[in-house]
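Structures follow.
First subunit A sits with subunit B, and in the next complex the same chain sits with subunit C.
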Partner chain A sequence: MFTALYELFIGKNPDPTYRNAVFTSVGTLTLLIMLVLAALFYLLLGRWRAVFHRTSHWILTLVIALIIGFSLAISYAKDATGEPSADSYMYGFAGVNLLWALIVFVGASALFRRGSVYARHTPF
Partner chain B sequence: MIRTRFSLVLLLTFGAAWWFSGCNLAPQEETPTAPKADTIRQINVFLETSASMNGYLRGSTEFKDIVSELVTKAAQIEPVRQPLALYTIDKDLKPYSGGVNAFNEGLATTPLATGKSSELHRIFEQVGAKARNGEVALLISDCVLSFPDAEIRKNPEINRTDASSVLKNAINQQFAQLRKDTISASVYAFESAFNGTYYDYQNKKQTLNGEKRPFYVWAIGKQRVLTLFNQQLQERLNAKPEHRLDFGAGKTVTDYDLFFTLNRQGENWEADKPAINNLKKVKPDAPAEFAIGVDLSGLPTYAQTEDFLTKNLVVSAGNARVKLVKVEERDDVKDTERLKANESRMLSESSHVLTFRVSQLFDAQTPVTITLPVRYDTWYVGQSTMDDRTPENRQGKTFALEHLMNGVREAYETGAGSFLKLSITLNQ
Partner chain C sequence: MKLFLFAIGGTGARVLRSLTMLLASGAKTPADLTIVPILLDMDMQNGDTARALDGVELYRTIRNSAYPNGKAPDTRAFFAAPMQSLGTLQSDGAQERIGDSFLPQLTEHQGTFETFLNVSTMDDIDRELLKTLYDNSARPTSAELKLDLSVGFKGNPNIGSVVFNALEDAPLYRYFVGAFNNDTDRIFIISSIFGGTGSSGFPQLVKLLQDPSQKTPIRNARKGAVTVMPYFALDENSQSAIDQNRFNSKTKAALSYYQSQIHLDSLYYIGDKPGAKLYANVEGGAKQTNNAHVVEMLAAEAVLDFANRSAGEFAGKTYYEYGLRRDDRNLNLVHFADATYQNVLLSLVRFSYASKFYVDYIPANLRESFAKSLNLPQQLGTGTYYVALTKFMGDLYRRWLAEMADNDRRFDPFNFATDFNGLVREKQIETKTFMGFGDKGITDSFLLNQAGDIEPKLMAPYPQPEARLMHLLMAVADRCTEKLGDLNRQLV
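Then we have the complex of A and B:
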């Protein structure tokens, strides 16, 4: 599934490492991290005290999520392929993963906000 | 308060990003430990000194020149941990004290070949014991297969009638044990004038004056150190052998790396070891070419040559047309600076790169097998005689050499029938 998602946007890389060791791991890891971040925002901080529940806080968390999604993809691909520096394919891959992180975080926000006390209407 | 919290969050964000970029996130392949540099523990030289060797040592003979050079050059091979050890061997093994110079002088001045008749398989047993644990044993001998004198006195024909069974099997047994211990052997054939008493297969004495007689140098040791030894010896030695044969004890090579850009032809296919996928568009006028890397450093030296590989690699591809197009040694591969890190690693772990062309593919899935059958040269058959009583019959020949070599060959041919056997699947 993840291989198809990434290759749809950035095409195939001749190095099979991407298909065998990078795409699925990064896609899954990104999904989990986004779920954890959304759960932290809505279910932990959003139920604890009214200190981190506004839209500005949500945007800040989203930015954190996107930075993580981007850098996770770059570092994972660099480690797996052994390349000393990121190439254009890796940046493309990181961009798609950023998009993936955005979708998951927004989706998880819509899902988890109902369980929050202070952030029930953030940001929607 | 809010500004402090914001700074804290920002700090955490960049901390996380920095952590991701610094961490090794991808599951790491088990880092292979650096291969131990090939170092020979010790080189042991054995000169057979049974009476039949005496003729090589009298007068002006090539034997003395070659052996002297061989021992001198063998002592210069490196890296070797301990200094070269010299022995004479007939029935028993005797260390030769005094070093290389004294040995070379002794060849010319001291009657060395004064021992009793020796049985080759017993010699190989003692020599083989000094070819373990990273040591290399070098045996210089006329390699005449013979029963003990007492047996020949009882039955003068025994050497002729039983060499192919009893003596060959005794040799086979010795080398089978060496092979079991993953010890390989190389044999170099030289020729020299012979001045002295020659013992024919009935043990009758004949006096030869300068007749050319073959003699042999066996190098025995673990494949890696033996390869190092053979390479260095050949580079240093001015005296070139008439023939050479290697008996390898290495395992069949079954592992390979599939390159994804090196020597690549064709756009769409994907390398996914052990398969190549998406070969749908392959046609005779639009073939796909792929390269694999193999480590053949454990094979006998002759089996590593481009010529041998090109002639003997067999590609079985069922209903597809797959052909070997190029064999390259690692150092001959061009444009390596363009390779990605993964491919550079694969190349560094390979000794050879084999490039194949797929020009027709009919089935959805085609298994391809690439094999390199074990092949031994058979020059020794023409250098063997079973009747050495007349000069015509023994000129340039060794009594029962064929049976000696067959005994060794059969020991090494047991089991692995191929030097290399690779499997790869082509998917449309």
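Then we have the complex of A and C:
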């Protein structure tokens, strides 16, 4: 599933490492991290006290989530392929992963916000 | 139980205004109480009456939306007791509708006392007799027979009693008789003893209610009255028909009459030595807007005291007077008896927190989840219920308190200009902080946490935002009151 997602935007890389070891791992890891971040925002902090619940706080969390999504893709791809520096394919891959992180985080926000006390209407 | 509450004249209206505030604040009432206020006044444009009507109408609007099923959750809820106008009740045999107003028309007559009596059609001998009874001097407006009745009786009960003598045939009274059918219903009358309308209307109304030909439920009903004796002084105004030098003599004369002629279950008397603040000597009309006075608030408490008494507590004609714990000119919560403190003043404390939360805190925090969940960003400034609540809590209630604070005696228990911690003047909520951490009392974050915690829990039982908001206000006010803790009851 993840291979299809990434290759839809950046095409197939001749190095099979991406298909065999990078796409699925990075996609799954990104999914889990975004779910954890959203759960932290809505279900932990959002139910504890009204200290980190506003739209500005949500945007900050989203920016952190996107940075994680982008840097995770670069770092994982570099490790897996053994390249010393990131190439244009890796940047393209990181960009798509950033988009994936964005979708997951926004979707998880829509899902988890009902369980929150102080952030039920953040940001929607 | 319905309490038919006759509020006669300007003082009646001012006491009704205070009563509306007490009921809004959740002062103690019986669970099944419905109040039917009936304002009796010839002066339909009176400023005090208009303000009382404004309060009652807003009360009704707010209550209808806050409790859509008609029932308040408990007797200490804000706006708990329904207020219903006489015209909305079913009336047996009434041939004329009297409209939905709390101020039904007393008489269709408009003009001077002279025209009311049809003097021009009288025989000469009757006319001469009349001249011996009433001042008919050349003064064009203040001579008794020349008084314009559309602004009331201007402190002349000898005129009012003639007009009220026709009350029995007035559509409003016939409607009241038709609507009074339940043995548990009660009647209460608010009037002053030193003015014109109240002092003449009260004995006439009691005479009617006591009449042996009156229908059984009315004759058997528990009846009470609060008679307000002089408690303010007026500016000197030689142009005015109201003569304050006659206040005490009129009171004495009326009291001796009441002693033998007024037979009610409970008679409450209240008055005060007039303070240094003089009221404008206005004969009536829209300009008569006297500042609220603590005597009026205590007279309103008499209404609640009467309503709260169980049927078994009435043991013949009983007189009540009100006494403060200490005769100070500046009053605070501690000056009042325990019953007043428990039944009335603690409710005002709670309502004041709610007022500050709704009027000051919420508009500045519309982005918060609880506010969005209640649709407040869209509704606060436009929805009928929300605008009415803002007007009542922010304008009417606070103005009423401010007027009492500006009067003499002065009653000034709340300071809305400061933060929540200093709202109750008698006790500043102490903060216990160390390097910015610890208990800061009632702060914005405290209120946000409370509202955020409470509002979601109210969603299931109160799906309508209007009802949920009212319950939220009560719950937040409760948390604030808990934070305030007990108040000192020792006079120092």
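Going forward, the second predicted complex is superposed on the first by the 124 of 124 C-alpha atoms of A that agree within 3 Å, B and C clash if a C-alpha of one lies under 4 Å from a C-alpha of the other, contacts with A are read in each partner's own complex, and residues count from 1 in each chain.
Throughout what follows, contacts are C-beta pairs under 8 Å (C-beta built on N, C-alpha and C of every residue); 3 or more make two chains touch, one makes a residue touch a chain.
Please read these numbers as outputs of a predicted model, since none were measured by experiment.
Chemist: State whether subunit B and subunit C clash or fit side by side on subunit A once the two structures are superposed.
Modeler: With subunit A as the common anchor, subunit B and subunit C both fit in the superposed model.
Chemist: Once chain A of both complexes is superposed, is A:Thr24 in touch with subunit B (first), subunit C (second), both, or neither?
Modeler: After superposing on A, A:Thr24 lies clear of both subunit B and subunit C.
Chemist: Once the two complexes are aligned on chain A, which partner has more residues of subunit A within touching range, subunit B or subunit C?
Modeler: Looking at subunit A, the partner in contact with more of its residues is B.
Chemist: Would you sort A:Leu60 into first (subunit B), second (subunit C), both or neither based on which partner it touches?
Modeler: After superposing on A, A:Leu60 lies in contact with subunit B but is clear of subunit C.
Chemist: By the touch definition at the top of the document, which applies to A:Thr122: first (subunit B), second (subunit C), both, or neither?
Modeler: In the superposition, A:Thr122 touches subunit C alone.
Chemist: Going by the contact rule set out at the top, does A:Arg49 touch subunit B (first), subunit C (second), both, or neither?
Modeler: second
Chemist: Check the residue A:Pro16 against both partner chains and state whether it touches subunit B (first), subunit C (second), both, or neither.
Modeler: Touch status of A:Pro16: first partner only.
Chemist: Regarding the shared-chain residue A:Asp79, is it in contact with subunit B (first), subunit C (second), both, or neither?
Modeler: Only subunit B is touched by A:Asp79; subunit C is not.
Chemist: Please work out how little space separates the C-alpha atoms of subunit B and subunit C at their nearest point after superposition, in whole Å.
Modeler: The answer is 9 Å, the least C-alpha separation in the overlay.
Chemist: Go through subunit A and flag every residue that touches subunit B in one model and subunit C in the other.
Modeler: On subunit A, the residues that contact subunit B in one structure and subunit C in the other are 51.
Chemist: Provide the residue numbers of subunit B that touch subunit A in the complex, in ascending order.
Modeler: 5-6, 9, 12-14, 16-17, 20-28, 260-261, 264, 270-273, 340-343, 345
Chemist: Tell me, which parts of subunit A touch subunit B in their complex?
Modeler: 12, 14-17, 19-22, 25, 29, 51-52, 60, 63-64, 67-68, 71-72, 74-77, 79-84
Chemist: Could you pull out which subunit A residues touch subunit C in their complex?
Modeler: 49-51, 53-55, 116-122
Chemist: Spell out the part of subunit C that touches subunit A in their complex, as residue ranges.
Modeler: Touch residues, subunit C against subunit A: 367-369, 372-373, 445, 448-449, 452-453, 456.
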